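In this document, chain identifiers A, B, C, D and E correspond to the written order of the chains, with residue numbering beginning at 1 in each.
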Amino acid sequence: MPIQYYIYFCLALFSIGIIGVLTRRNAIIVFMCIELMLNAVNLLLVAFSKLHHGTALAIDPATTVGTDGQLFVFFIMVVAAAEVSVGLAIIVMMYRNTHSVDINFLNRLKN
Amino acid sequence: MIALLLILTPLATGLLSILMTKGGFAKNFSLLASLVTLVIAIAAIQAPVAPAFDIVWLNNLGSRFTLKMDGMSKMLCLLTAVAFPIIFTSVYKNTYKNAASFFGLMLLTQAGLMGVFLAADALLFYFFWEFALIPVYFLCSIWGGEKRIAVTFKFFIYTFLGSLLMLAGILFIYFRTADHSFALQSFYHVNLSGKEQSLIFWLFFVAFAIKMPIFPFHTWQPDAYEQAPTATTMVLSGVMVKMGLYAVLRWLLPVFPLATAQFSNVIIILSVIGMIYASLIAIRQDDIKRLIAYSSIAHIGLMSAAIFSADKTALEGVMLQMFNHGINVIGLWIIADIIEQQLGTRKMSEMGGLAQKAPAMAILFVVMAFANVALPLTNAFIGEFLMFSGLFRVNMIIAAVAGVSIILAAVYTLNMVQKVIYGELGETAIKSTDIKLNVKLALVVIALAIIALGIYPQPMINLTNDSVVGLIIKK
Amino acid sequence: MSKIAFLVPLFPLVGFLINGLGRKYLSKTAIGVIGSGVIFCSFVTSCILFQQVCNESCNEQTFHAVVTLFNFIKVDAFTIPFAFQIDQLSVLFLLIITGIGFLIHLYSTAYMKEEESHHFGRYFAYLNLFVFSMLLLVMGANYVIMFIGWEGVGLCSYLLIGYWFKNNQYNYAAKKAFIMNRIGDLGFLLAVFWILFKLGTVNYGDVFSNVAKLSAFDIAAITMLLFVGAMGKSAQIPLYTWLPDAMAGPTPVSALIHAATMVTAGIYMIARSNILFTLAPSTQAIITIVGLATAVFAATIALKQNDIKKVLAYSTVSQLGYMFLGLGVGAYTGAVFHVFTHAFFKALLFLGAGSVIHAMHHEQDIRKMGNLKKYMPITHITFLLGCLAIAGIPPFSGFFSKDEILAAVFTKNPIYYYIAVGGALMTAFYMFRLYTLTFLGQFRGTSEQEHHLHESPYSMTIPLIVLAILSVIAGFIGIPEIFAPDSHWLEHFLAPIFKESTKLAAVHHVDHSQEYLMMGSVTGLVILMILIALILYKKYTIKEDETSWGIGKLLTNKWYIDELYNAIIVNPMNAFAGFCKNTIEKNGIDGIVNGVGKLVSYSSRQLRLLQSGQVASYLLIMILSIVVFFLIWFNDLTIIRFLNNIF
Amino acid sequence: MNTVQILFFFLSVLAIFSAVMVLFSKSPVHSVLWLIAVFFAISGHYILLNAQFLAIVNLIVYAGAIMVLFLFVIMLMNLNANAEPKKYWWMKFAGVISGGCFLVVLVSLVQQATELTGKQALVKEGNIGLIKNLGKVLFSDFVLPFEISSVLFLSAMVGAVVIGKKD
Amino acid sequence: MNAIIFSAIMGVVMMFSGIITEKKSAISFVAVVALFILLAANIANTYGLCSISINTHDLLHFSKFGLYFNSILITAALIFVLLSGSAVEKVGNYAADYYALIFFVLCGTSILTSFNGLLMLFLGIEIMTIPLYILTGADKKNLKSNEASLKYFLMGSFSTGIMLMGIALVYGANGSFALTTPAAVPNSAGVIPVSFLLVGGYILLFVSMCFKVSAAPFHFWTPDVYDGAPTVFTAFMSTIVKAAGFFAFLVLFEANATLLGPSWKIMLTFVIIATLLIGNITAVFQQSVKRMLAYSSIAQAGFMLFALYTYNDLAKEGILLYAVAYCLATIGFFAVLVKVKDHSFDGFNGLAKAQPVLAFSAVVFLMSLAGIPLTAGFFAKYYMLAAVIKSGGSFWIVLVALVFAAISVYYYFKVIQAMYFKSGDPEIMEVSSGYKTAIVLVSLLVIAIGVLPSIVLNWFYF
């Protein structure tokens, strides 16, 4: 597959994630959109990993080039999991105090 | 070593004084300390070899702790050393809340001023330049008048901005010096193109112009002088403005010969406009402190014009006048302070007839006033004579226009004299009494100095001769 | 020789210090004795100096002696020594100053008797200081020392005019005097700078011997500036208005400062610099015109004044005008001669006036006097002699000196001469108007005043008598050639001073018959004017609501010159200063400074709105910034070119 | 167009459609479900790229664990009926525009990237994505980050306790 | 390596200390001891005395500069705990956990001072930030704290997303996560091609790093988060964390700034000016000292960015000095702020009379922040500006920076005005003598560095 396809696709997903972050007001959905962005990155990393693997494979059949890309994705997932646990805890805490997860109401701190 | 002592003595005693708890003791202590400094200063001036001090400091930055004392430094150190005992004496009977801190900060200011006048290293100079400002900021803001905080703040930020610009200029030159050094001599030998000079020149000049202050950078000054505690005002107008003039002479003219030549006319014209302008405003002032402030602006304008005329005679006059104006204006402030204390007002329209109640003060006031208008046989005459004479050589028309300020000076000074001490006894003056012994002492010393230096100024002229020669040769 | 010269100013200085510092502790008598004594000492010393000068100048034509005390200012470019020059001119002035000064001091001891002790001391201190300054002025061997004295006398004049400092009117007069003098002083100072600039020295000897180095323009400019100085000090048009106002001071002060000595400083200075002025014909022309105009103009004002001192003041201005007229036409000796004689008779007149005022309890309006000869015979006689002298009746001193000037003017320009004679006639008229109103006719004051009228004490009358004698005989030192050849002692005496000028431009003498005719006719006319005055005012009675009209009103109000000055100089300046203070300073310059501060705080208030608290808007700006960064990267070269174009 | 391409486009369209539906769903629960659909599509991509380990992990961790967590939280909060008012339409508009700009800029960047022309991502082939190969590298070269990420979990754990515990 | 391992271990130790003892001061004491050990370990590592070495497979690179910088950060943390330990205890019931999180953050900063590759950069930043989300929300009852935490979390995750996209693009171009880019081969026309992916990646990395160091226009989280977070933790976040972020920023772009060509300077200039402008100008009108400090930290970041602008020796020394000066002054001032109950400017009125020692120290810290000579802050700014001038860069940017420095005096001195020139009765928490001694010592240290900056810099070369 031409690598551009993957890039375009991932950028599209990423941008949808961004748009979601910018437009949605529910903190959980915003958070989900961020997860969407991360997933776009993950796919892109895997695609690049395969790109470089393919290039290296033509020279050395036993190459492990590209593994680091996939492992990076693994670490991203690790971090994402940790983030989710913390993030949801924060959202729940917020909800407990204000009974709302609308980020537009987060305006005690401004100016 | 003796040069270092000049800074260390006020610094150490100042810090000590701040830590003291008893205000009365701190007051005596500070007076004594300032007298010790005076003795040291005189010893330094009399020293057969020009005092200097040099020690490693900030080695990797190319800066050293270098103090040097040539004629100009001696003159200004002497002024600084003389001014403080006089000021302390004159305010001896005043009560300050937290007197220990007050006198301590005053001494710290003195240390900073001494440093400015002695430093022969640009970075060190910058440090002392700022160091002198900080205690003054506190002095004005804590012990000043009603609007002290805002006014002092304006003053502080204004001057601080100026000095930051100077810092940029210093850094720029530093990287252009052959040996990457902040030393005065390296700065003197730096080679800058005309274009660079004309940029950096202004960075320095704005800093100094704000400090002096010359038109149109002067607006902080009347407010600050009005609001500051009088003892600090004396330091500000008597000694601190000399920092600007001194800095121009030491750090501007020799480093930027091309730019100086290029812009001297602009600055002279600015200064002369400032002289006339300030004099005119002084004529319309009803507040005695503001009047003195504007009169000071006018005088400084003349000095700045004379400096930029770059004429030898004028420079000699400037150096002399820096000292003279220093003590004269201190004298005027002492009197203004007394008047305000006695009458409870600064409005001249509410005064009058003080001569009947306080003849001694009236006489000393008249002496100061006539020194302010540069009457012959007062010290100011010598300086102004030399300055005008030099200015005249450079440009007759400008000198003539500047000369108008002589007339205006007479107008506003005599206005002040008349409204304050002459006339029928005003309501405010009824309860006033003559000056106390300490004030009298301070004023008499000043008056004697005014007359003595007006009759025989030669020792002072000789003192600064080497600096003038140095400046001219460098040109 | 002249080793004792420094004593001359030293005595008054010592007197000033003693009286000034000890005014609270010394008795009035002590103050009076010290005050007058030091001047007397100076007078004696001056006499010795005079003697020496006489002796030595007979031996040596080029006599002049400079005594250097110390270097006043010594800088690289020039040296100004503190030096005295004792020569014919200065020694003559020394005699006038110390002599008349002494008499006036003596007179003052009585005149000021009523003052409180410390004010009395202050008065004498000022007076001594004045004499000191005046002595510096005439003794100085260079322009700077002269300038010191020049300003010093201005200062003393200021202090003495405002001596009764409770009265603000007096203070205004004092201030006015000082400031007007300062205007002139600026001219003087600029001239000094010019000389210094061109010649590098201000010593008379060096300057005068190096005039060749100066271009014609330089000389013209220097002399014009010097003349501006003289205008201020010697009360010439347009700077004369301070002198009449200066009459606010005690009368002896007016006599000493504003009649006999200080105001003649300008004449002294020009006479001293005669060579410069001789070389500047354009300046001379201006001096002539200014002098003539002042002489006549002041005389016209004097015609309608009612204050005894004001009349004398305008008469002084007028006489000073004659002196300048003399200087203008090159009759330096004549001008100095007139200074000499004028000093006596004007001092006499003022002191006489003082005596009258003293007797009248500070009433100065001549309309309220009359018939004083009955009560004050000595004053009356001496005053009459003074009037005759100033009117120019031979053989009183004024006749000789004035005649000398007039004769010189005639050789220059007959029209000037006729105008000047007109002025002289007016002089005679107003002086005798004054005399008549004061001493003759009916007493028009209050009965209480009349009751207290008395002759003044001896310490006042003795100076009057001495001065009267001098006024009568002083003219004989300068008898015109037509009466006795080679009898003009003063001319011979001063010849060394004016030697160079005489060489360049000798004053032409009119032929004898012409001169006789002129003298005769002028004397006749003067006597006629005196008679008219006597007749007109003999029967004068005070009229209520005495309003004059036309020229009379103009004259009574002194041509409205003060009002004119106020309208065209003082008020506009005040208005402009007010504009500077209230508008330019407050809203302009400080406005900008404060405006910057306000701008910062305004932008602060606006910028913080950016921090809206909304996460979405924060992120939106972030994303847009990223887009901007990419655009920057796409177009970096364009941006750099654009930036280079700007900076 | 071969199978791979068909699959690619199918999965891509599915993913993008689901992603857009995440945004447009009114109900958070629906959003979660659509997001799970995206994850599935992406896992399909992984499989297409022969990254089987990641495909599985993605499903287990993301779709399985994380999304369930999300669902729990949403249900806990009972946010079902939460409808957003249209008040902030301009904000949405600006968000879409700027997101679009971002996309356009990056796409044009990639279009200009000549170094990518003709480059292919290896599809179906290559065995680096297999668990064995990945594990080998992970526990040799990447053991340090692996260990360090334990610190991350530790802090997340502490954090969740600190935040979540009721005082 | 020592620092990473020890900080992780100490974090665990702190977690357990909370179980062992209930006494909060004991926990603080343990934290101080742990920090001393950590510092000793790091210093030992610096001079190779006893360092644990693990084969990091080139994922970490321990440079002397980095280790030294880490020592500074740990020292700053030590001073932070010494001064504000008691305040940490007061935030909530979980003092031990807070300390544990602080140690985990220090673990993250230790990674950031030694990372050698984008993977470790990413992990380091995450390890550093995730505990911070929690610390920000530590004051659970306080809605501001909640809000700050949530905002921080959302925006932080978002910026992580941006950063990861940048990393992915860089990976796509380079084929590895190394910091250095393999030299590009000139194409047939002899022109070295610009890798568009690489540039895009680095721009996104730049953006996300700007976010971390709160450079405008990516600073928006800073004021809100710093304001909302418990004051002690704000002190921690705005100093140690930020300095570590700067270090990472510096290392990341040291080799790669040239990739962006001339646009690098343009972007950086844009960011610097915007940061200085927003930081300084917005701070002017703040009513709360704490929020003012948040903006001031943005302004200070603007100055620190000059190190990136120039990349010469002076800049390196400068960022070191800046970190020291900024951390000391900010931690010191926050330690004072914590003691004052009312965080508005008026809350400081009359502090000089009530607590002269506190007020004096505060003045020193504020002056240092404002860059008044003879305080450490002056030399920090000095080095930055000197670096710019030395590099021959645009002189006008120096002037702009100085104008903003002058403006900064305005808001810093407003606090001094309140303390010294206005009268009032400030509400102050009890101040122990040990605390006073400590804070005076810190302020004297600030002055000492201001007089002789070489005491910091010479260690670097020692």
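Heads up, the rule we're going with is that a contact is a pair of C-beta atoms (placed from the backbone, for glycine too) under 8 Å apart; a residue touches a chain by one contact, two chains touch by 3 or more.
Since the structure is predicted, the reported quantities are computational estimates derived from the model, not experimental observations.
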### Task
Compute the centre of every chain as the mean of its C-alpha atoms, then state which one is farthest from the centre of subunit C.
D
### Task
Could you tell me which two chains share the largest number of C-beta contact pairs?
A-D
### Summary
Using C-alpha atoms only, the most centrally placed chain is B
#### Entry: Approximate Å spacing (C-alpha centroids) for the pair subunit B, subunit E
43
## Note on the structure
Per the C-alpha centroid definition, the whole-Å distance linking subunit B and subunit C comes out as 36
### Query
How far is the middle of subunit C from the middle of subunit E, if each middle is the mean of its Cα atoms, in Å?
77
### subunit D-subunit E separation of Cα centroids, rounded to whole Å
32
## Note on the structure
By the touch definition above, subunit A meets two or more other chains at residues 3, 7, 14, 17-18, 21-23, 25, 30-31, 48-49, 51, 55, 65-66, 68, 75, 79, 82-83, 86, 90-91, 93, 103-104, 106, 108-110
### Query
Among the residues of subunit E, which are close enough to touch at least two other chains?
119, 123, 126, 130, 133-134, 137, 140-141, 151, 154, 158, 199-200, 223-224, 410
### Per-residue multi-chain contacts in subunit C, two or more chains
608, 611, 613-616, 619-620, 623, 626, 630
### Query
Considering every pair of chains, which are in touch?
A-C, A-D, A-E, B-C, B-E, C-D, C-E, D-E
### Query
What part of subunit B is in contact with subunit E in the complex they form?
57-60, 126-127, 130-131, 134, 138, 141-142, 148-149, 153, 156-157, 160-161, 164-165, 167-168, 171-172, 174-175, 199, 203
### Query
Touching subunit C in the complex: which residues of subunit D?
91, 94-95, 98-99, 101-102, 105-106, 109
### Query
Within the complex, which stretch of subunit E touches subunit B?
367, 372-374, 382, 385-386, 389-390, 395, 398-399, 402-403, 405-406, 409-410, 413, 417, 420-422, 452-454, 457
### Footprint of subunit A on subunit D - complex, ascending
4-5, 8, 12, 15-16, 19-20, 22-23, 28, 31-32, 35, 38-39, 42, 45-46, 49-51, 53-54, 57-58, 61-62, 65-66, 69-70, 73-74, 76-77, 79, 82, 84, 88, 91-92, 94-96, 98-100, 102-103, 106-107, 110, 116, 118-123, 125-126, 128-129, 133-134, 137-138, 141-142, 145, 149, 152-153, 155-157, 159-160, 163-164
### Parts of subunit C lying in touch with subunit D, wherever the complex brings them together
614, 616-617, 620, 623-624, 626-627, 630-631
